[in-house]
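For reference, the structure is listed below as structure tokens.
For clarity, chains are labelled A, B, C and D in written order, and residue numbers in each chain start from 1.
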Amino acid sequence: MSIFVNQNTRLLVQGITGREGRFHTSQCREYGSNVVAGVTPGKGGQSLDEVPVFNTVTEARTATRANASMILVPPAFAADAIMEAIDAGIELIVCITEGVPVMDMLRVKNYLALKPSRLIGPNCPGIITPGACKIGIMPGPIHTPGGPMGVVSRSGTLTYEVVHQLSQAGLGQTTCIGIGGDPIIGTNFIDCLQAFEADHETEGVVLVGEIGGNAEEEAAAWIQANMSKPVIGFIAGLTAPPGRRMGHAGAIVSNGMGTAAAKLAAFRAAEIEVCEHLGELGSLCTKAMAASRT
Amino acid sequence: MHLHEYQAKELFRTFDIPVPEGRVIRKRSELSPIIDELGLPLVVKAQVLAGGRGKGGGVRLVQTADEANDATTAILGMELVTAQTGGQGKTVHSVLVEQGLNIARELYLSLLIDRDRAEIVIITSLDGGMAIEEVAASTPERIIRIRINPLIGLQGYHLRQLAFGLKLSSQLGKEMATLVRKLYRLFVECDCSQLEINPLVVTTEEQLSAVDAKVEIDSSSLYRHPELAALQDPDDQDPLEAEARDIGLNYIRLEGTIGTIVNGAGLAMATMDLIKQAGAEPANFLDVGGGASSEMIEKGFRILLSDQQVTGIFINIFGGILRCDVLARGVVKAAQKTGLNLPVIVRMEGTNVDEGRRILTESGLALTTVSTLNDAAHELAALRDLR
Amino acid sequence: MSIFVNQNTRLLVQGITGREGRFHTSQCREYGSNVVAGVTPGKGGQSLDEVPVFNTVTEARTATRANASMILVPPAFAADAIMEAIDAGIELIVCITEGVPVMDMLRVKNYLALKPSRLIGPNCPGIITPGACKIGIMPGPIHTPGGPMGVVSRSGTLTYEVVHQLSQAGLGQTTCIGIGGDPIIGTNFIDCLQAFEADHETEGVVLVGEIGGNAEEEAAAWIQANMSKPVIGFIAGLTAPPGRRMGHAGAIVSNGMGTAAAKLAAFRAAEIEVCEHLGELGSLCTKAMAASRT
Amino acid sequence: MHLHEYQAKELFRTFDIPVPEGRVIRKRSELSPIIDELGLPLVVKAQVLAGGRGKGGGVRLVQTADEANDATTAILGMELVTAQTGGQGKTVHSVLVEQGLNIARELYLSLLIDRDRAEIVIITSLDGGMAIEEVAASTPERIIRIRINPLIGLQGYHLRQLAFGLKLSSQLGKEMATLVRKLYRLFVECDCSQLEINPLVVTTEEQLSAVDAKVEIDSSSLYRHPELAALQDPDDQDPLEAEARDIGLNYIRLEGTIGTIVNGAGLAMATMDLIKQAGAEPANFLDVGGGASSEMIEKGFRILLSDQQVTGIFINIFGGILRCDVLARGVVKAAQKTGLNLPVIVRMEGTNVDEGRRILTESGLALTTVSTLNDAAHELAALRDLR
């Protein structure tokens, strides 16, 4: 089992003929993802490494029954690409693009609420169900199929670090999701936690947060009220200076809000296992999972 | 990207939003014709990107030409220390000289984005001139919050909530509605992240005027606002940060001594935390991007080497799709090219890590190579003790 | 039992100090509706026949815990009034106003989809649960409490005719809803049918349609697929000339679409009891209900 | 409210949407200077509010001044019969004289509102010049439907779907995008219910031009579009309907003999149906409003009495909040004031109906009073036989 993606995922890539699109499409296919179509306006009718390219998402979906899309287009076109995928009825939309204007995402996020599609990202590494389907730019080989851990994170390489430690510790992953580092993102922690809670194979979840906003606080409250499985939490940015955006557009402490300290406090209040030192995450998870099984 | 007060007010003018008459000067000699033009009283205001300028002595009301001269002399070039500048303060390179107003009432008005609910929020308060956080803490009932769904935009009922909430007269309520419509349009069209007017003044003539103006523009949107991008003030940035930005690096200077080079923002923050936990202080945040090409690492080295405070460097790279062996060659090449002579700890993990570590070890460079973050922490502690 | 409104409904009237607002408020109160507040911008602090008046819906709701609103404002202000009620968290919004521009309703209808509020109307007589609560401009005395019939209609006086015949025939009503004669309305036939199907006291439903659009066709398909209770259907406008708006903004046959004949055919195809002659509606319902009980 | 072609094209021009050069004339004498101005060939088009003008002989392409004169003479003043006018046809009061174009391709483009999904829909087809219903029936694959949520409006991908769907060249795709953006703006800003361009011509010079233009404006929105409301053409309306509209009645003239007065639109339609079912023909739709005041009923009588075809009147009033006794007095008063001398059936039901019927009976007027609709049907049949 897994959440959101599996071996039945039929992937479409928006921006497939760009440099990034082409490269990551080949990487996803190499990992075993079923890439059924690509979209680049004006290149319809061509094909790229045997993947047929279409002019519009609707055409691509009609022809190939794609049910998921990976978006790798420049920031100026990302909102348009997401809404095109929504209107075409794509179930899962994963937007990798970094630097999408917040005002665009304000509209997209509200439009999304009118429609059944799920959006992951933007500004995210993507989602992977190890051994089944990879949609994104994460390195495949660090992952281990079969669970028991679910991973959800606002970050990219930090997630790889976490996954790597889990794999090293002998803890495989059901699904790993980078929800994105932007202020406004499609799928949030709670959406993922809810899905992990419902997924039989997932026995515990690692939640990787960072400064900015209060998504971690809300997640903590949700976990306390609803989650039966152990959650191990980590927060990046204890030493981040206030008022500065730390790389991610969403990673900023402003007016004393969104500090790592407040988030850790919320975790502790919700009785979430807190990982203080990133280097110890793997061993902490081993211990937590062992404890939960007894 | 933050705008200076005078830039924000220029922007307000293009949207026909009322602000006091004023001129910006960078030299005291420019003051005299402005006094003639604007008359007295005047307000002289330091133009630095930090709140709390008034308390720091950066804003002065002057009644005479002599006072205006004295104020300008005092403020121009001063190191203004406020609650938001840090202890070192910020150098004042320019002042805004504005006409004084006959103030009847001071209100507070701001627009911001609620990231969790994906709405635009207007916050207004009866207590202009006070920090909104203080009002929120002491008299929250004097604050009105109006949530606007961006898909429907500002509607009549939002404006009524505002006008009735602020207990404005019918006439002033209409003026406020007009003002807020313009502000909302500016906020959306200019991709603002935040916009604050504190105080928004009601004059004794029953006119509204934005006596202060703070505007932050979403940096991701600057590609579609070349006119706003051009307002970026080089004076107001740390020179190293400005340089890093120009060469495409995501760099923030801090006060510590351990320079860091990391691929990815989250891992970079976590790396700073790790340095601190090891008892040292990070000298910077530096994200060379998920890909971490050798060019980016070389650029990172150059920036770090320009920072005189840096006594050691910690490179933390998680090799993903870009393999560790390629990364290692990049690090070696960059170290050689920049003539790096500081102690360097390299922690590298991910695809092809063994080959990567071998390349680092055999490079002949003074690199300490570690594999786990725990090992890195030990080496960092050693580096700290060395110093 | 009933649908949407009952004795716990706490009613607010938007536009209470206008001529229509004042009159129909008094009528609703006379019928027994619990009118707890009125809203007229600029008249906050006044009161009208003991009902306190507020400047904004949010204020009114905070002060009185109103959970339903009747809107009687001029067409130019109706969309604003509806959205104000939505944002204030009013659960049931009944917009009586006729002549709201379609472009306004396009936005309102989509905004509504983002929020939990239910809208009835615009351009409708309102909703009544006989003996418990009347929100609207229909004459109270023609109604009979206690069921077994639910009534849902796009019309005003035609609904009164139907209700009157039911009452004359000894068939009381659980709830009667005029969903409105405009092209774009908040609550449609299917929403009401769904609620009637779930309501224990409702044993049968009279559905009164008219030319224009294809709401009746969609309702018929839904009824066939989902409805266990008998439905008696009537359609007005068999003799309406094509291309003309018959009073209601939504009542128009255009390009051969939306004819009464097509709607009746859809009813018959869905095995809905069709009332051919309006004068016989009461007796037809008596027969249909008797048949369904055996 | 429907606009004439020439009005719609004027509106297009204000939105910078390309249309052929043309002039409207109401007299043949105005033609000659227009030929000089626009040159030849020209197209002469009857301006009536009905589709299918071409087939009805209302549109002619002319190559010479003589042909232009002949065409104008023939069309001006003719009774144009088309599939949409009814058998009687519509009098042509004006013609539009336009420059002929070099046509390379004809497309179809329309915008309308999907009432069930609350969306704006763009429909376009490769087969311009054909009725869209025919294309839909025969070659549906040549039609492209694009649904636009009004909260997000027209987006780039909508325009790409359109351009790729129509197999336009890159250059023409861009032109089409510009055109559709303007049309969408017009559609929304002018509160259109429907907008159709058939054909939308691609000229041999690769330019787009709206050779025909049908626009319907939402009547409910006219309060905010005085400039559009002013375009209402009295020539094109039934004079009785125009009069009824001016006095605030909702009246539509039909071809039968039984005049009706009803309160409420739904009941009025059902009443027409009932008349037909009784074997008679309704002369009109007339909704005097839910309230049905005596003033409105009097106005209704006056309109009905002006219709020479009316041989009898059926009043069907459901007395609700306005009581039947009040209504009855209104009917009596109105009948007396208008000197009504036609047979009248009054069916009245609702609050205080007994008192109402008593008033009608005792009025001394030749009124047949019934209570149920079934009784009314019987009386209507009798009225029919009487005639």
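The definition used in the following text is that contacts are C-beta pairs under 8 Å (C-beta built on N, C-alpha and C of every residue); 3 or more make two chains touch, one makes a residue touch a chain.
Note that the structure is a prediction, hence the values are computed from the model and not measured.
A.B. asks: Any idea whether B-D or A-D has more C-beta pairs in contact?
C.D. replies: The greater number of contacts lies at A-D.
A.B. asks: How many Å are there between the centre of chain A and the centre of chain C, using C-alpha atoms for each centre?
C.D. replies: Between these chains, centre-to-centre, one finds 44 Å.
A.B. asks: Starting from the mean Cα coordinates of chain B and chain D, work out the distance between those two points in Å.
C.D. replies: Chain B and chain D have C-alpha centres separated by 59 Å.
A.B. asks: How many Å are there between the centre of chain B and the centre of chain C, using C-alpha atoms for each centre?
C.D. replies: Distance between chain centres: 54 Å.
A.B. asks: Taking each residue of chain D in turn, which ones touch at least two of the other chains?
C.D. replies: Answer for chain D, listing residues that touch two or more other chains: 149, 151-152.
A.B. asks: At least two other chains touched by the same residue of chain A: list those residues.
C.D. replies: Residues 107, 110-111, 114 of chain A touch two or more partner chains.
A.B. asks: With chains as vertices and touches as edges, which is it: line, ring, star, complete or other?
C.D. replies: Per interface graph, the chains form a complete graph.
A.B. asks: So in the complex, which bits of chain A are touching chain B?
C.D. replies: Those residues of chain A that touch chain B are 27, 75-76, 99-103, 105-107, 109-111, 125, 137-139, 141-142, 153-161, 164, 181, 183-184, 208, 210-211, 213-215, 218, 234, 236-241, 243-251, 255-256, 260, 276-280.
A.B. asks: If you look only at chain B, which of its residues touch chain A in the complex?
C.D. replies: Those in contact with chain A are residues 84, 113, 115-116, 118-120, 133, 149-151, 188, 191, 193, 218-221, 223-224, 250, 252, 254, 262-270, 272-277, 282, 285, 287, 290, 318-321, 349-351, 372-374, 376-377.
A.B. asks: Please output the residues of chain C touching chain A within their complex, sorted ascending.
C.D. replies: 110, 113-114
A.B. asks: Mind listing the chain A positions that touch chain D in their complex?
C.D. replies: Residues 41-42, 44, 55-59, 77, 80-81, 83-84, 87, 107, 110-111, 114 of chain A touch chain D in their complex.
A.B. asks: If you look only at chain B, which of its residues touch chain D in the complex?
C.D. replies: 151-152
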